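Next come two complexes built around chain A: one with chain B, the other with chain C.
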Partner chain A sequence: MTFAGLPYNTLVVAVGVAAVGFAAGVVGSLCVLRKRSLVGDAAAHATLVGVAGAFLATGRRDLATLLVGALAAAVAGLAALLLVRRFTRTRDDAATAIVIGVSFGLGIALVSGLPAWGYADSAGLEQFLLGHTAALTAADAVLLTGVACVATIVVSLLFKEATLVAFDAAFAAATGWPVLVIDAVIVGLVAVMVVAGLPAVGAVLVTALVVIPPVAARAWTDRMGTMLLLAGMMGLVAAVVGVVVSAAWPGLATGPLVVLAAAAIFGISFVAAPERGWIARRLRSVTRNA
Partner chain B sequence: MLFGNATFFGGDPAIHGWAMATAAVVAASCALVGTLLVVRRMSLLGDAIGHAVLPGIAIAVLSGGRPGGLLVFVGAVAAALLTVWLIQGLQAAGGLAEDAGAGVVFTTLFAIGVVIVSAAPAGTHIDPACILAGDLTFIPFDTVAVVGFAVPRAFVAGTLAFIVLVAAAVVTWKLQVFTAFDSAAARAAGVPVATVTAGLLAATAVATVASFDVVGAVLVVALLVVPAAAAELLAHRLHVMALVAIILGVVGACVGYLAAWHFNTNAAGMIAVVLGLEYIAAAILAPDDGVFARAIGRVRLAWRVACEDRLAGVWREEEAARGRPTGATPTLLERCAAEWLRIDGSFVRDGVTWRLSPRGRREAETVVRSHRLWEAWLGRHADLPLDHLHPPAEWVEHHLGAAMRRRIEVETGWRQSDPHGREIPPESSSQS
Partner chain C sequence: MSHAGVDRGQEGSRAGGPPLVEFHDVTVAYGRRPVIWNVDLEIDAACLFGIIGPNGAGKSTLLKAALGLVPMVGGSVRFFGRPLREVRSRVGYVPQRETVDWDFPVNVMDVVLMGTYGRLGWFRRPGIRERQLARDSLDRVGLADLAGRQIGRLSGGQQQRVFLARALAQQADVYLLDEPMAGVDMRSQEQIFRVLAELKAEGRLVVVVHHDLRTAAEWFDRVALVDMRLVAAGPTAVVLTPENLQRTYAGHIDVLEELGRAVATRGRTP
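For the complex of A and B:
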């Protein structure tokens, strides 16, 4: 069965990845507004350890098992970030860079060691580095869609609280909102979306999925709800374009294509958006000076 | 095999030696540059540059440059400067936060690089797997002749890069330090801050590109930031920090390489892991800033406070026998402290009770004097109600030195009594 020239499996996978792209855009918006854009990057680089660890521990390589491992490792990476912040005088930027570098190194060492430790090859785990949707099955796509739906529902339930914390955490804390809990939920959702984005975009680039669409959406609107929806739609489009192009262009990882699609959307938004776009601002400054 | 593993060479020590030496020399370059990145809070820019040099390298290689050759260095430096220019441009023109801008720019440039590498014709001198985790596998075999010896090209390039970076660091060190610690003052003093920063970014690109074959684009951040961050916990002066970072980087590269050989896995990954272990060790064991040192410091402070409180408590009880009684109940820690003070000889037995020995009395009077001087000072300057003077003084009394007590005494006009009307004991003549 094909549709528009695409095989059935590609279509199902495209739907799953599109759902992930949407949810990542929505969740990422909260993170970007909260000025925590690169928290997702630390979680993303840590996931590789979890993927390899889950495979070594269970011997299974189905997506659910590997992603559970990835999520555990992402949470561990974020916990390491908190520990460094709490117990050393290393500043936040260096702490993030340390978690990114060291956890990714451990992940690479584990994946590379697999053949030497009695496994026939690297067990297909390297597809989690740069994303490889061709290897996904329809069942995987259903799993990803489910995760994306849950994350989107959580954001819609937490919309008011998240908005408040994102725009004025001090005010939220002063009026008695549990800012720490809300922050933890936001960061936890980002970790979940980074993990859900792994199969399509890969550990190295998946941070783009939670950063670029929100930043692009921000150029078009000042309203929180509109921004979330717009970021979701942009993430969705980028994900679908990536999947379709990589299906047509074998030998190229999906991740970079998704990122380039998102970057194109960002470029258009940055230049052409009304009010905040580059052209609009140039015009305003010209008319002001005239 | 996806990644080049250290055991690929079998057991030839010379080959392993060259691979390890190459890793060590690029780690040294990265640690030197990373020191400045870390103190300038530019660690994530280092990460971004590590990713973003990929398209520069890829285009240079496709235009006929050799890995480790001059063209590749030029391409990488151009890509690094472009990265920073784009991030700053987005920041200035679009009001985009620096981290969000970095997230957009480096992922995009890296993606462009991956696509170029993937689309490159076969036989090009760039290997997609090498992008992510480096590949030492072929480094020892791609040699050039140096005074008659066959030396790996990557080692020669890495060594040259290190020499250039050290020379640049030595020449511009004062400017870098000034800019790092107070860029506003540096600008006011006529330091070309933008040029100094651009130089640091170019240096980052040079160190990154020298490391590219060894650790790849993603793991270079480990070489840049981890040794420098560990060194920052161990050293307090910037040039010492740079030296310690270089040593940690070199040790990490060698130990990581040997570990990769032993565990039969990727060298770059293991180097990052060993550097991480070095950082953890530094965070725990650093003499001044380590978790241990600070825990011990806190315990010692708590113990000193308990001892001094008990001495002062007994002193006040003795004073109260002549005047008003005090009602402080000692805590468990203070009771332990009291036991110690008996052993220590600060308390002496007087029939059935304990009283202060001459030395204990001197120490107690110092504490009470600090306490009441502080109350007097607060009473004069802080406009607090009388019953608010005691709690801050109860804490500050443990932290006032003789010189500070002297200044307060002068400030408060040589008062003989605190605001509660109690006498301030005189400074004891012989301080221990």
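For the complex of A and C:
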């Protein structure tokens, strides 16, 4: 069975990855507005250790197992970030860079070392580096869709609370809201979406799916709710473009294509958006000076 | 001092009950550097209360400590004789304007509605009642026409009034305001002051961290002079003496001129 020239499996995978792209844009919007854009990057680079660790611990290589390991590693990476910041008096950006570098180095060492250490069946794990959707099954796509739906629902439930904390954490705390808990939920959702984006986009680039669509969406709207929806749609489009193009040219990894599609959307937004776009600002300054 | 405020039917709004706000031996440190030492202060009646002192004197820190936003090394703060967590909905807060990103994608109405979130609790969204309350609050600060405007497209004074309206929507009995007049145009200053005077007339306590000595003498019924320690507290006319100001601002040469002007205008309230 085919649709628009695409095999059935590609179609199902495209739906799953589209759902992930949507949820990543929605969750990423909260993260970007909370000024925590690099959190996703730290979580993403730590995931490889978890993928390799889950394989070593269980001997299995089905997607669910590997992603649970990736999520555990992402959370551990974020915990390491907090600890480095707290106990070494390292500044935020430096601490993030350290965690990214160390965890990613460890992940690469494990994934590339496994075959040499006699784990011949570990082949394929390195595809989590840049993303490779051709290997995904329909069941994998269902899993990814489920995760994306849950993340989106959590955001819609906590929209009010997350907006408050992202806008004015001091006021939120003063009026009795547990800012740490709400922040933890936001960061936790980012970790989940980074992990869900892993199979399609890969550890190196998945953070782009969390950051680029929200920033592009912000250019088009001044309303938080609209921004989340728009970022979701942009993430969805980028994901679908990546999957379809990489399916058409088997040599291409999906991740870079997804990110390039997102970057194109960002470029268009930056230039053409009303009010905040480059053309609109140019026109305004011309009319002012006329 | 007048106790003409309406009896709100709750303890603490008039003399005789526990103080509205009570700082007991409050000490706050950032890292190892103490910024507030052993402050004891009681405010026992609705009034306009100014916390005055030089830059870096710890005035804002004192407010933040009272709200639990910075940890205290020692001491305690009670509202209506109770710890804050039991009476949070009765304490309103206006943070400094620069503490938030005004490019945030929300409009004026969204921000004012945030004042109702504390009462709404988890998951419940603001409804018709909350929207009406937010509109009334915006009306009181003179911004009813701007409800739909993105907050970045407001003047500094308008932004400050949005923050005040958000606090009004909290419907609190004690209000804590952190430098509400900083960087604000005259018209907004007057409007803000008028609202604060209304709150006092309704029997609420309004505590304002303030840096401008000239207006302090005019606006506040009572003041506390703070320079890391509490220098003096009481009725404005009694506290704002040249000696007290000297002790508060000693070493702050840049404000000596202002000090002279404040002393000259002291007591000349309209």
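To be clear about the criterion, the second predicted complex is superposed on the first by the 288 of 290 C-alpha atoms of A that agree within 3 Å, B and C clash if a C-alpha of one lies under 4 Å from a C-alpha of the other, contacts with A are read in each partner's own complex, and residues count from 1 in each chain.
By definition in this document, a contact is a pair of C-beta atoms (placed from the backbone, for glycine too) under 8 Å apart; a residue touches a chain by one contact, two chains touch by 3 or more.
Bear in mind the structure is a predicted one, so any value in this text is a computation, not a measurement.
Participant: Could you say whether A:I100 touches chain B, chain C, both of them, or neither, answering first, second, both or neither?
Facilitator: First partner only.
Participant: Examine A:D183 and indicate which partner it touches, taking first as chain B and second as chain C; both and neither are also allowed.
Facilitator: A:D183 contacts neither chain B nor chain C.
Participant: So in the superposed three-chain picture, is A:L129 touching just chain B, just chain C, both, or none of them (first/second/both/neither)?
Facilitator: So A:L129 only meets chain B here.
Participant: May I ask you to decide whether A:A173 touches chain B, chain C, both, or neither, giving the answer as first, second, both or neither?
Facilitator: second
Participant: A:L205 contacts which: chain B (first), chain C (second), both, neither?
Facilitator: It touches chain B, and chain C stays clear.
Participant: Does the superposition put A:D140 against chain B (first), chain C (second), both, or neither?
Facilitator: Neither partner.
Participant: Which partner, once the models are overlaid, touches more of chain A's residues, chain C or chain B?
Facilitator: When the residues of chain A touched by each partner are counted, B comes out ahead.
Participant: Is A:V259 contacted by the first partner chain B, the second partner chain C, both or neither?
Facilitator: It touches chain B, and chain C stays clear.
Participant: For chain A, what residues appear in both contact lists, the one with chain B and the one with chain C?
Facilitator: 35
Participant: Going by the contact rule set out above, which residues of chain B touch chain A in the complex?
Facilitator: These residues of chain B touch chain A: 1-3, 5, 7, 38, 41-44, 46-47, 51, 90, 93-97, 99-104, 107-108, 110-112, 114-115, 118-119, 132-133, 218-219, 221-226, 228-229, 232-233, 260, 263-266, 268-273, 275-276, 279, 283, 289, 291.
Participant: Spell out the part of chain A that touches chain C in their complex, as residue ranges.
Facilitator: Its residues touching chain C are 33, 35, 157-158, 160-161, 163-164, 166-168, 170-171, 173-177, 218, 221-224, 226-227.
Participant: Mind pulling up the chain C residues that touch chain A in the complex?
Facilitator: Those in contact with chain A are residues 64, 67-69, 85, 88-89, 91, 93, 95, 99-101, 104-107, 110-111, 114, 117-118, 120, 122-123, 125-126, 150, 166, 170.
Participant: Any idea which chain A residues touch chain B in the complex?
Facilitator: Touching chain B: residues 32, 35-38, 41, 45, 84, 87-91, 93-98, 100-102, 104-113, 115-117, 122, 126, 129-130, 204-205, 207-208, 211-212, 215, 219, 251-253, 255-257, 259-260, 263, 266, 270, 276, 278, 281 of chain A.
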